[in-house]
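Here come two complexes built around chain A, the first alongside chain B, the second alongside chain C.
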Partner chain A sequence: MIQKFFSGLYELLLGRPLPANFTNDYREVVFPNTGLQLVLITLAMVILYYYVFNRIMSTGFYKTQHWVIMLLINAVIAFAIPLIQVNNNGIETHSYTYMFAFVNTVYSLVLFFLFSILLKRGSVQAWTTPMKWPNKK
Partner chain B sequence: MLLTRFKCSASFLLLCVVVVLSGCYTRNENSAAETEPAATVEQPPAADKAAPAATPAPEKVNVNLYLEISNGMKGFMPPAEAGKEPTVFQSRLNKLISEIQDGRYVAEKKYYLAREDKQGQPVLDSVSYNTMKSTVVSGIRANVLGTPLPDLLKAALEQSVKQNAVSVIISDFIHGPHPDKRGQFISLDSDIRSSLKEAEQQGLAIAVLADASGFYGNYYPAVKKPATSRTLTGEEVPFYIWVIGRQQEVLAVTKNIFRNLPPQQAYFGFDYKDVPFSAILKANQFRPAGTVYCASRNADPCTAIKLLPEKSIPVEFTLGLDLSALPRQLQQENYLKRNLKVIGSGCKASLVSVTAADDAVRASPDLARYTHFLRLQVPQLIGTSGTITLQLPQVQPAWIDAWTTNNDNNPAADPKKTYQLDKIIDGVQALYRDQRTYLFNVTIKFNKAD
Partner chain C sequence: MAKLFVFGIGGTGSRVIRSLVMLMAAGVKIQNCDKIVPIIIDPDTQNGDMNRTVELLKTYKQIHDKLGRRDEGFFHTDISTLSSIAGDGSSKIRDSFVYDFGGINKPFKDHVGYNQLDIDSQALVDLLFTKENLSNSLDVGFRGSPNVGSVVLNEIIESPEMRFFASNFQAGDRIFFVSSIFGGTGAAGFPLLLKNFKDSRIGLPNAASLNSALTGAMVVLPYFSLEQPAAGVEADFIDSNTFTTKAKDALSYYQHHLNGINAVYYMGDTPDKPLENNPGRASQKNDAHLVELLSALAIVDFMDYTDNDLISNEVYHEFGLREDVDQVQFTHLDQETRDRIAKQLIRFHYFERYYTQHVPDDAQAAYARGVDLMGAIRNEPIFKELDKFLKHPDYGYQSWLRELGRKERTFAALNVSESDFNRMVADKQIETGFLNKGIHQGSFVKELNRASESISDRDAFRATIQAFEVATDKLVEEKLKYA
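Take a look at the complex of A and B:
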């Protein structure tokens, strides 16, 4: 189920895995692993920003530029995960691998933004970062 | 306060990391839980008795050697003289009996001289190694009549089956029926078949090796016109060595005892139920082309695949086979390329090439198990699933026709021919015709890739 979901999600933009002989490795291992890690790490980064830095610890990192830094760190991680996954599973590196890393990065940006919108209202200092919408006060 | 907050956040971070890592699927190549079900489903049980490829070659075999001694065989074994080269027959046989007697691969050995008694019945005289050796090197002195071919084969076979030994029968295989029984010329193939029926019933296989040797002396052709006998001085006359026994034992004998086999070989009744094979899809030496991958990620061997040929990119992939149990001659790349049949059901499939394992391949642990690599091309699927079957049919070797004649009266003009050899071979082939059409059969399943 999770395998199908993530395989579908990545193959939507990437097409069939290449080289084709590693199709199973991508679908059964790499896609679900990468997808799960992407979701969980992005969630962790968002929580870290809104709830740790800007609620528990009350650091001064509440500005949009700090949010963008977190977003970029998350993007770098998201680019690295596919490469690490592909390497660790003995799959031949192919231009597909880098396309996959790029797509994962794009997904990380979207996901980070989504989680931010959903979770920012619980933050004390950063509930208006990156913007006030949709919270009203 | 700050410290507590920090502790709190640290434990939270830790929690996140744990959650992230535990969510991961891991690729575990040796995971027994994942590999085994696939393997058990796709592999037929190998412990079955009818799986000769799985049984290892026996360490030692019992050998019964039968040498036909008749007046017609004398010319192969001229008495030795200083400065005179031994005939091919003599040197080959000398090596053979020496290997049987003193080699390390034979357990029980017995030697027989085959002849006919006065009543026309075949007689097998059990003799010592020394008698056999002196017969080979210094010839046959007594006047002996050869026994007709089917009778000789039958008697030798019965003897060996009783003693649980491999028969090695050496003769010129010139059929010489009793003058009153000329009809046997016509029924030669069916007579041979009847005489070897027991071999088939006992599940024995037959290897026929042919060689030609210089012949010195009186030659008695099967066709008696114009001459009933001719005196030859070194012209080449064929002789045959038949090895009859269980498949593994016949192979052990041909491999370990004969060592250098003549190029003329024929194998009958050989059957490999369980040839190990696998689709090789991830090796660098044999990269597949097009969309093809193993149906199961961890399957080893991979016997089911998924593929999706496209118009511009036909699927090509390599199949590894372990054919080490086959007779050497049948392992040759050219032979396999010529004779292997690829039958696609639900797809079009063809054989592109056959390569034997080279050193680079043998060095790679995943590939070392296989001796031959077949490149298959699948340009088109017809159904969403099906099979690709590889078959090696039992083929009559070309030399049999070349060594056959219908008139052996003048071997000087027409050397290296045996009267109606094809008929003799037909008789042998008829034994196995119905149950062993293929030497081996390998089937790989496929599904259209999703």
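Take a look at the complex of A and C:
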């Protein structure tokens, strides 16, 4: 189920994994691992930003630029995850690998934004970051 | 709905009311009344002291009205003009904080019809009044001459304003007079008004309520002197050398003739550097003085008494500092006084400093974004009123505080020019270290955001003021730890 979901998600933009002899490795190991890590790490980053930095600790990192910094850090991590996964599973590096990393980065941006919108209301200092919508108060 | 009618008589009356407004803005609680009705009595319609107090009162009222009725917090005390106390728009008098003298601009001589008097009466008038008294125009006030003031002010009891005041006076309302004893308007006005209010034969409406009304007075003894013109120079001036003599005479009169008063407060100080000698009009705009701030506390103290306390015995107070110091800090005030004003003034000062210096940088902070504070500051007139109250060069809080620091004996409890919150309170500074930065923009905004979380009001002005009330309270209690 998870394998199918993440394979479908990545192959939607990337097409069939290359080189062809590693297609199954991608589908059975790399895509699900990368996808799961992406979701968990992004969720952790959002929680770190809204609930640790801007609720428990109240660090003052509540501005949009601070949110963007977290988004970018998450994006860098998201770019690195596929490369590490590919490397750790003995898969030959290919231009596909970098495209995969790029797509994972794009997904990280979308996911970070979505989690932000869903979770920001619980933050004291940053519930209006990056924007007030959809919360009213 | 008990009311307190505060009669601010003359320049000192206006200046004390100015300080009272600052205390009310800071949230100092005035007990046992729901509304304060300041009535400024000064024939000098151009008087600088009076006009800036009136502007301040108007600004305060707008801010209070926007914030609505509350039991505590900044600007929570309700104030009203005399004409609006009826509440039904039925009043026929001018809607103003100032008693309307109707533009008396003739010399005193014409006012009393000197030229129409017979020769014996003229001789009597000549005996009681100097040539200058007779020829001076009344639109500048009485130039420190209570003998002139007592004649002119005796007539105001018949005025529509006083009848309106009496008609709307209810059992339970209180009266407080603020006046100087050494000038003209105040020295004459206070005993006259008191006598008339307490005299049932005068024929004012509600005479019984007025007669039995709890009444207090702040009698300001000499606390400043005025520059004297050089010998031989012809100048229109008030002779401050007579202040002490006049004060002694008036006190002696009060000793035997002040009937119907429940509490009297006295305050004075050794005059320091003489002030510019301006007998009246716009140029009479003296710097705020510590004595005026402390005099305003008399009103707070008077209202702290319950009805029974005041009915059972008359009380007399004289203000004293703990130490005779030039730079008066909160620690130099008696603990009771300190408890009444210190925390409130510190909180208001924090609010003013942060609001004027840092709020413009907080566009992205949750407390500001949540109510679109920046848009509201640009577009809503009430924020302009708040700006005026805090920053107006003539009557704003900043200038009031600066003026209080210009005399030899200064109110130095709050460091006016200090931008570091940790050093703003003279007698309590916050120790900072590597891990503890005390109160700074970051910690302030954090408290504002926290405070705004629990505020359900969506109005930007009300929500912001409430957030500042909660935040400054927390900062004073937890960071400054002021006790």
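To be clear about the criterion, the second predicted complex is superposed on the first by the 137 of 137 C-alpha atoms of A that agree within 3 Å, B and C clash if a C-alpha of one lies under 4 Å from a C-alpha of the other, contacts with A are read in each partner's own complex, and residues count from 1 in each chain.
Simple rule for what comes next: a contact is a pair of C-beta atoms (placed from the backbone, for glycine too) under 8 Å apart; a residue touches a chain by one contact, two chains touch by 3 or more.
Remember, it's a predicted structure, so these values are computed and weren't measured experimentally.
Legend: residue contacts after superposition of the two complexes on their common chain; A:T129 is shown touching chain C, with no touch to chain B.
Note on chain A: of its two partners chain C and chain B, the one contacting more of its residues is B.
After overlaying the two complexes on the shared chain, residue contacts for A:P82 are found with neither chain B nor chain C.
Applying the stated contact rule after C-alpha superposition, one finds that A:V29 touches chain B and leaves chain C untouched. Residues common to the contacts of chain A with chain B and with chain C across the two structures: none.
Of all the residues in chain A, the ones that touch chain B in their complex are 3, 16, 19-25, 28-29, 32-33, 36-37, 40-41, 43-44, 47-48, 51-52, 56-57, 88-90. By the touch rule above, chain B contacts chain A in their complex via residues 2, 5-6, 8-9, 12-13, 16-17, 19-20, 23-27, 281-282, 287-288, 290-294, 296-297, 306, 449.
Only residues 58, 60, 62-64, 123-129, 132, 137 of chain A touch chain C when the two sit together in their complex. By the touch rule above, chain C contacts chain A in their complex via residues 364-366, 369-370, 442, 445-446, 449-450, 453, 456, 458.
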